[in-house]
Structures are given as structure tokens and as C-alpha cells.
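Okay, so subunit A shows up in both of these, paired with subunit B first and subunit C after.
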Partner chain A sequence: MLRTNRFLLTLFVIFLLTFGAFYLHITNGSFDMSIWDVIKTLLRIDPNPKHDLVIFEFRLPRIVIAMLVGIGLGIAGTVMQGVTRNGLADPGILGINAGAGASIVLFLLLFQMKAKHITDGSWTSTMMMPLFGFVGGALAAALILIFSRKNGRMDMQRLILTGISINSGFGALSMYISLKMNPQDFEMAAVWMVGSIYNANWIFVLSMLPWIVILSVIIYRKSHLLDYFQLEEGTVTSLGISVEKEKIILILCSVGLISACVSVSGSIGFIGLMAPHIARSLVGLRHRLIMPVSAGVGMFLLIISDYISKTVFEPSELPVGIVVSIIGIPYFLYLLVKSKA
Partner chain B sequence: MQNVIRMEDLSSGYEKNTIFENLNTSIQAGKITTIIGPNGCGKSTLLKTIGRILQQKSGKVYLQEQDMQLLSTKEIAKKIAILSQNPIAPSGLKVEELISYGRYPHRKNVGRLAAKDQEVIQWAMDITHTTAFRARDIEQLSGGQRQKVWLAMALAQETSILLLDEPTTYLDMAHQLEVLQIVQALNEEHQCTIVMVLHDINHAARFSHELIAMKDGTIVNQGSPSSILTNEVMRAVFQIDAKIMQDPETGTPICYSYDVIAERKEESNGSNKTRALAL
Partner chain C sequence: MSTKKTNWIPIMILAISPFFILLAIVISVLYGTKDISALTAWQAITEFDSNNVDHNIIVGSRIPRVVAALLVGAFLAVAGAIMQGITRNYLASPSIMGVNDGSAFVITLAIVFFPGLSNYQMIILSMIGSALGAGLVFGFGSVIRNGLSPVRLAIIGTVIGTFLSSIASAIALFNQVSQTVSIWYNAKIHAVDVDMLRIAIPFGIIGLLLALFTSKSVTVASLGEDIAVGLGQRTKWVKALSMLAVVFLTGTSVALVGKIAFVGLVIPHIVRFIVGVDYRYVIPCSAVVGSIFLAFCDIISRFINYPFETPIGIVTAVIGVPFFLYLIRTKGGEKSA
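And then the complex of A and B:
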């Protein structure tokens, strides 16, 4: 009972925080609006075209994208940490982001899509991007799993090392491919690779929404298995769980989530690392509880980071990926020190 | 006598290393069978292969005359529970929660534990004397207490067959005995078939109905403790000169002293010399 109450209270607090971040994000910017203006615009009370433009074309899609990407990264990070039994595993550190990113850059180049299309949002290509990202992300995940195996089991030290090399390998590949683009596209691609959502639009929302919804549901339904995966593999097998099969399903689902996120926002690291840790310290060891909390924390972190990224150096903008890294790197180091002690 | 597990031309190992090849033997229902043998002889590998934790390279294991590779892993989990060597638990996990993991193969929904599950968990804690620390963190327990908790988790699986991989290693003498007595009670009161790996041959002889003596991936001998715990078999398996007598109370053979056989002594002297040279 106590645990359920704590869980609900945590979710409620996260909801309040997210709402606060939402409020800051939607009212502030190069053009400040009062909350009253925002409410009037949303409820269509004597609409003002200028307000409509700011809310519906710029701020709202951007916040919605931040929410979806935050949720996706929070869940994917929880799965990665749970499956590898390693608290430092993160889709960004393991190079899955980079894999998805490289194949999306390749997609843009091969199909002669001007990076401008990312902003314009040509329909089919935007909808195709997560799919293409999935191929690269899955390739990265497969490479990591193959190379980190030793004597038939996943070796944790090798996992992190393989991840780091895969990460820089795919990063270099993306850089190489993007250098083949014309200078204007290159600049766009460079900003996008660092992780940015300032050019969000509704087609992006539509392209990633089905991935996030479907895969989150599948992962949630399997999340209790992550509790068992914290024991060593022999014990899990003897309990009657098809370890390999279930782990591969979970990893593929989270690669799908990551790809959908990367295709829209570029590579945003550290959310997948921080959110599960914060969630665990709030609600304990059960992944059925960790999963939604981690999604919520990821959502909040990304909205507030994006708010910072758009306001702190006004009128110019910092890519949100950089803001997240500035918060994330000290946290990562803190976790390293703590895990040594 | 009915066989509950039968191995047919079974070969197994790790990656390219084959540990044993073409083993043929069987385990009797309702008995305690213990596998003994020197380090690296393949006894743990055999136990893991029987318990499908390790995939065999070839051959078959039959569980109640059904090919285990054709059974789903969940189905097997309702019949066989395995206690691994040095199992690990995430920090912060409570004893009762870990034991409840044993209910996995029987649970239908993932939410709340059914009344039947609670009952079995309580039974498992009673039998292993772990009820007193049900609410504690596993990390806070001593090695002996922890081993009993892991045993309780395996028991919560409610299986008729229990495989134990060195259940007494790293435990003090009192806890070793306690664990083996729990195992014995399970066998006598609940007709559990037990297969375990032990290093202590006196414990093996005292608590088992049947011993399997292995060396270099082959079964040297199999039979009752009095037919295995003999000077000849010990010489062949461990290369020791065992002095054996009968326990006046239980009538089981005990090895009260032993010496390493001369050739082996020389061999080890030789390796000491090379080590000295290397240093």
C-alpha cells in the first residue's frame, strides 16, 4: 500500500513539475505572452493570428516533441540499464543514438533530400525517417551485443567499451557523410546531430507518435521481466524465462523508441541515463513503477532543458542536446564516483 | 526404479571447449543423487546442462521420458528448480521479494500475488527457517542466511526436482549441515528428487542415496555411497589414498583421513619447482 501511495504521489509531483515547465516554455520566448493570452488562444476565444502562429506553429509542437522525446528516451534508458544490469548504460553512451543518427544522415544524402526538408516536413520522407533510423540503431545494438559477449554471456566492461567505440565510429561516419552535403545542409545537419528540437512541427509529432505509443505499451507490458533480469542469467533461465528472446524483444523495442526520437531531435544523450536513476531513487526496484516515473522524469527534464536552451542566450538558441549534456555530464561523473565507493 | 531424468549421448561445454562427451546416465526419482569429482571434471557443467542453463552440444536430456528441448522453458521451470553457484541479487531487494520471484512459472498475472502464491512462499520460508528475516535486505544477511534464502526461492517454484550447484561452498560448518538437512527433509517429507554437486565427500556419502563420481568429463563410477566411497574409487577419481571406515551411528562410509598419492605429489613438486624457477 505504502509503495503504491508513494508511486502515485511521485507521479503527481512529476505532473506538477511538468506543468510548471510547460507554463514557462509556452509563455516565454522572443515574444512573451501572458498565460491568459495562451489560454485564450488554446480555447479559441477571440483568436489573434499572431498568437496563433506563436502557439500553434512554434511553441506547442516544440513542447509536444520535447515531451515525446523525453518519454522515449526515459523508457529506452530504463530498458537498456535493466537488460544490461548496468547503471551506466545509456542509449547515447552505447552508440545507439549515433547508429540511428548516421543512418538518417545517410538517408538524407542518398535520397538527395535537402536538410531543409527536415524543417519543411515533406510528408513521406519525414514518416520514413524513424524507420531508416531503426536500421542504423538496430545495427549498432547488434554490434554492441556481438562484441560485448564473452564466454556466452554479456561482459559489462566490454559492453561499455564497445559502446564507446561504436559511438565514436558512427559519429565519425555521420560527420563524413554530412561533409558530402552542401554547406547549408551541413550546418543544419550539424546542429541536428548535436540534438535540437527548435525546428519542431506537427508532422514530426505525427511521425513519432505511433512509435512512442505502441512501443511504450509493449515495453510496459514486459517491464516486470526487467526485475528478474537483475539476477544472473542462469537463475533467470531456471525460473522459466526465455532470457535471450525477451531481452532481444526489449532491446529492439527500445531501439525503435530511440530511432523515432533521433529522427526528430537528433542525438540527445544523458536523458536515458539520468531519468532511470532518478526514478529508481524515487520508487525503488520494481520496473513496473520505475518505467512510468522514468518516462515522466525524462519528459520533464527535456521540456525544462529546452526552455533553458531557448531563453538563456536569447535571441540566439543553444541546441537542447548541449544543455542536456551540461546537466548530464556532472551527473554521470557523480554516478561513476558513487558506484566506486 | 523409476528414472526421472535420463541423459543420452550428452555432450556439453563452453564455446569451443567441450567439457564432457557422450555421457549416458540417469537420475532416480525420489532420491538424492550427488555428483562428486575433482575441480574441472565437469560436474557443474553436467548439472547446468541437465537444468538447460547451458545448451548441450549434442545428445538429449529426457525429463520424465520427454525430450527437454521440445518442452518450453516455463514448463520445465514447473518441474525443475536450480540453485546456481554464487547467485547475485540487486542491492536493496528484500528477502521475501526475492523468494516471490520463484513463483514466476506459476503466476498468471504480473500484478498481485495470488493467495496460493503467498501460501507457497510462506511454506518455503518455513522450511528454510528464513521467516525471521523476510523483511530484511538480502545484502545485510550472512552467507549462510543468504544461501537459505536462495534455496527458498528455488523451493517457491514448487518443483519435484531440485538441482543444487555446490550449495554448501563458502558456508561455515553449522550452515553447511543446516542446508543439507533442509535438503534431506525436502527429500523425505516431500519426495523431492535432488541432484547436487558437493565437494565434501563425507557430506555426499551421508546425505545421498546415490553418488556419481566424475573425472575428466567421464563418469568413473555410479552407485550407493558404500560402493563409491572406497579406496579404489577415490584413488581413481581424486588420486588420493583415502582411509575409510563406517560411521558407527549411521553405517555410512566416512573418509577420516587421506593422503595425496605419491605420483601426484611428485607432479606437484615438479610444478612448484617450475614456479620457483619462474619466480
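And then the complex of A and C:
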């Protein structure tokens, strides 16, 4: 009972924090607005076309995407850490982002899609992007699992290192593919690869929404399995769980989440690393509780990072991926210092 | 048996290497985006005509380029060999241990805050940056429990490297010089500055000489700290001198062409596999094999996306990543983790 209270309280605090971040993000920018303007615009009380434009075309889609990507990465990171039993696992570090990214860049090249100006004609291709990313992400995940497995068990350190090298491999591949694009598309792809959400629009929201919703539900329903995976493998099998099959399903689901995120926002690392850790320290070890908290923390972290990225160097924008790594890497090092060898 | 192996193989490598170096130079000078006949190339060297575009391409671009590739290949491979020997870490190399990133980071700061530095100052700053990168990574390594183990140190190095480059690109974006800066981060071997090349050569040579000078001690150090001390080695001095060599070599390389990954990792492994573990042979052989390797990577980089150039880092990554995976797979067990 106590634990449930704590869980609800945590969720409530995260909700408040997210709301605060939302407030900062929607009222500040190169065009400042008061909260009343925002509320009036949202509730359609004597609408002002200028405010409509800023809110509905620029800020709101951007915040919604930041929320969705944060949720996706938070959940995916929890699954990765749970399945690999490795506290340092993160989709970005493991190279799954890079794998999804490379195949999306390939997709952009093949279909010559101008990612900057999504017109109605390319609507279907936007919807296809996560699917393409999924292929690359799954490939990266498969490579990592194959290479880091020795004598039937996964080695923690080797997992990270394999991820790092797969990361640079796919990074080089994306670079090579993107060099074949025309200059404008290349510029676009370069910014996108570092991770940025400043060219958000509603089509992107629509393209990732089904992935996030469906896969989050599936993962949540399976989240109790992650608790069992923390035990010895033999014990889990004796409980009548087909470990390998469930692990693969969970990994594929999180690869799907990651691909949807990457196809919209590029490769954003370290959210998937930080969110689960913070969640665990807040609500304990049960994944059914960790999962929603981790999603919430990811959401909050990404909105606030995006807010920093758009305001700190105003009027120029910093890719949010850079902000997240500057925050995330010290945290990663802190975890390394703290972790037992 | 092993003594016999280490005697003639390295000598043979050193003996046939001039042939390959010459081959690399010839191919590199003759082939590129613009078709230039061998005769014109020869004339460019013997009777240079400053009004002739082809002559200018040969003398101003292709020759400096191949010289830079050969030198940087040698510098990075030797730096990697020393690092692997001294730290007894099979994953040590300038790019993985954050040394390259440190250089590029300091160069970024210099470009942003003190524009218009001379090439000399650039090289010195780049060397300071190398030392900074190495210092940070090894510093963290010694703070973290078991942090000096190969795999952990590699993780720390990569992460700190990413951190430095993130900050650098943020600063660069803010000051709107990101294009200049990205040139330093992405190897710019296709646009070597001839003046810089002239200045860089002596610095690199100093580094190489230092490396050769310490090579015997590196062999002893590579047997382990206890044995080295037991054999009467002053390990502190050896470490300091060899790190100085690494700083000279990497700093010069980055100042010259920017960051190039994997050369310093892959080459020393291949060389050790062939010539054994005596660093008196490993270091010179790494130098020649590294220079030939990078010169050919440079040639490949002109042709995989002809007529456009491909960054050389992509070529070295394509070769280096599978090799890296292989190393982790075969050596990265729990014992070394």
C-alpha cells in the first residue's frame, strides 16, 4: 500500500514538473507570450492569427514530439537495461539509434524526400519512415546481441563496447549515404543525425503516435517479465517462462519505439540511460512501477532539454541531442564511478 | 623460435615498404577527380609552371596530400603502438582514449576565442589538447574502480570524447563557426595546408624519435609493472616520456588533418601479430605499415563515390569497425574486463 502511494505521489510530482516545463516551453521563445495568450489561444477565446501560428504550427507540435520521444526513449531504455541486466545500456550507446538512423537516411536518399518541406504528397513516406528505421534498428540490435554473447551469456562490458563500435560503423554508413544527397538535404540530414526536433509538425506526430501507443501498451503488459529476468536464467526457465522468446519480443518492441523516435527526432542518446535510473531510485525495483515513471521522467527531461536548446543561444538553436549529451555524459560517468566493478 | 621470428620479418617489412610507399605516392599523385597524365605530373615536378592548372593541382594539392597521409598514418600508428604497450591495454589508441577529441576540442576553443592564430600556435595548442584528453580519460580511469581495465577505459574514453565534441559543437554553433570547426573534427586530408605541413614535419619527427628512443623500455613496460620494476626500470620516466611522444604525434596529426579514427587501433595489432612483441621492431614497423595503410585509404576515399570525395574517416571506419568487433569478441572476456 505504501509503495503504491509513493508511486502515485511520484507520478503526480512528475506531472507537475512536466507541466512546468510545458509552461516554460510554450511561453518562451523568439516570440514571448503570456500564459493568458496561450490559454486563450488553446480555448479558442477571441483567437489571434499570430498566436495561432506560433502555438499550433510551431510550439505545440514540437512539445508533443518532445513528449512522445521522451516517453519512447524512457521505456525503451528501461527494457534494454532490464533485458541485458546492464545499468549502462542505452539505445544511443548501444548503437540502435545509429542503426535506425542509417536506414532512415538510406530511405530519404532512395525516395528523394525533402524532409524539410513535408507536403501532402509525401505523407505516406513520412508514415513509412519508422518502418524503415525498424529494419536498421533490428539489425543493429541483432549484431549487438550476437557479438556480445560468449559461452551463452552476455558480458556487460562487452555489450557496451560492441555498441560503441556498431555506433561508429552505422554512423560512418549514414555519413556516406548522406553525402550522396543534394546539399540542402545533406544539411538537413546532418542536423537531424545529431538529434533535433525543431522542424516539428503534426504529420510527424501522427507518424509516431501509433507506434508509441501500441508498443508502450505491449511492453507495459509484459513489464513484470523484466523483474524475473533479473534472476538467474535457470530460475526463470523453471517458472515456465520461455526466456529467449520473451526477451526477443521485448527487444523488438523497444527497437520499434526507438525507430519511431529516431525517424522524427534523429538520434537522441542518454535519455534512455538516465530515465530508468532516476525511476528506479524513485520507486524501487518493480518494473511495473518503473515503466510509467521512467516514461514520465524521459518526457520531462526531453521537454526541458528542448527548452534549453531553443533558448540558451537564442536566436540560434542548438540541436537537442547535444544538450542531452552534455547533461547525460556526466551522469553516465557518475554511474560508472558508483557501479561496482 | 620466437627470436628467429622477430629477426628477419621486421627487416623484410622495412625493406619492402619503400616500394609500397612509392606505389602509394605514384597512384595518389596520378589519380584523382581530374585526369592528369603521368607526363604532366612529371613536368609539374621538374619544370613547374605556375600558370598551368594541372601543375598547381599536382604540387599544391596532390603531393602535400599524399605526404600528409603517409605522415599521419605513421604518427597515429606509432602513437597507438606506444599506448597499447605502456598501458597493456589492447584497446588503447588515440581515437578511443579521447586524445584526438582533446586536440580537436582545444583547437575549437582556439578558433572561437583567439581567431587568427599562427600554425605554430595551432600545433602547440593541439598538443596541449591531446594531453588534456589523455589526462581526463586516465584521470577518470584511476578514480573509477577497476577503471584502468581495457574495456572500462575504452568506454570512459569514448564517452569523454563524445562529451568534449558535444561541448565543442555547442560553442561552435553559438559563435557560428561550426563549419570551420567541423572541418577539424572530420578529417580534412583532402585540403592539407602546405605551410602547416612544413611546420608539422619537425614536430612529428621529434615524436617519432622519442618513440624509437623509448621503444626498448616500452617492451619491458608491456610485460607488466611488477616485472618492469623488477628489471630495474624507472617506470615513471618511461611513462612520462612515452606519453610525451604520444602527445607530440597525436597533436601534430590532428592539427594537420583533423580526427582520424581506428588507424592507431588496428595497425599495431596487425604489426604485433606479424613481428611479435618486441617494441624495437613494433614501433618502426607500425610507422611504415600505418603510413601505407592511410595512404591507400586516402586513395580509396577518392573513388568509392567518384567523382566526389568521401571523408577518409568513413574508409578507416569501414575497415576498423569489424576489426574492433573481432578484438572485443576474441579478447574482451571477463578476464580483461
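The criterion applied here is as follows: the second predicted complex is superposed on the first by the 333 of 341 C-alpha atoms of A that agree within 3 Å, B and C clash if a C-alpha of one lies under 4 Å from a C-alpha of the other, contacts with A are read in each partner's own complex, and residues count from 1 in each chain.
Criterion: contacts are C-beta pairs under 8 Å (C-beta built on N, C-alpha and C of every residue); 3 or more make two chains touch, one makes a residue touch a chain.
If you're wondering where the values come from, they're calculated on a predicted model, not measured in any experiment.
S.K.: Overlay done on subunit A, so just call it for subunit B and subunit C: clash or fit.
M.R.: Result for subunit B and subunit C: fit.
S.K.: After lining up the shared chain so the two structures overlap, which partner does A:Leu231 touch, if you call subunit B first and subunit C second: first, second, both or neither?
M.R.: A:Leu231 sits against subunit B, while subunit C stays out of touch.
S.K.: May I ask you to decide whether A:Gly87 touches subunit B, subunit C, both, or neither, giving the answer as first, second, both or neither?
M.R.: neither
S.K.: Quick check on the superposed pair: does A:Leu333 touch subunit B, subunit C, both, or neither? Answer first, second, both or neither.
M.R.: So A:Leu333 only meets subunit C here.
S.K.: Which partner does A:Asp155 contact after superposing on A: first (subunit B), second (subunit C), both, neither?
M.R.: second
S.K.: Specify the angle subtended at the CA centre of subunit A by the CA centres of subunit B and subunit C, expressed in degrees to the nearest 10.
M.R.: Taking subunit A as the apex, subunit B and subunit C sit 90 degrees apart.
S.K.: After overlaying the two complexes, what is the shortest C-alpha distance between subunit B and subunit C, in Å?
M.R.: Superposed model gives a least subunit B-subunit C C-alpha distance of 14 Å.
S.K.: Across the two complexes, what residues of subunit A are contacted by subunit B and by subunit C?
M.R.: Touching subunit B and subunit C on subunit A: no residues.
S.K.: Please give the residue numbers of subunit B that touch subunit A in the complex, ascending.
M.R.: 14-15, 48, 51-53, 72-78, 80-82, 84, 87-90, 92-93, 97, 101-102, 104-105, 110, 154, 157
S.K.: Residue numbers of subunit C touching subunit A in their complex, please.
M.R.: Going through subunit C, the ones touching subunit A are 91, 140, 143-147, 149, 151-152, 154-156, 158-160, 162-163, 166-167, 169-170, 173-174, 176, 261, 304-305, 308, 310-311, 313-314, 317-318, 321-322, 324-325, 328-329, 332-334, 337.
S.K.: So in the complex, which bits of subunit A are touching subunit C?
M.R.: On the subunit A side, the touching residues are 88, 147-148, 150, 155-158, 160-162, 164-166, 168-169, 171-172, 175-176, 179-180, 194, 313, 316, 318-319, 322-323, 325-326, 329-330, 332-333, 336-337, 340-341.
S.K.: Along subunit A, where are the residues that touch subunit B in the complex?
M.R.: By the definition above, subunit A touches subunit B via 151-152, 224, 227-228, 230-235, 237-242, 284-285, 288.
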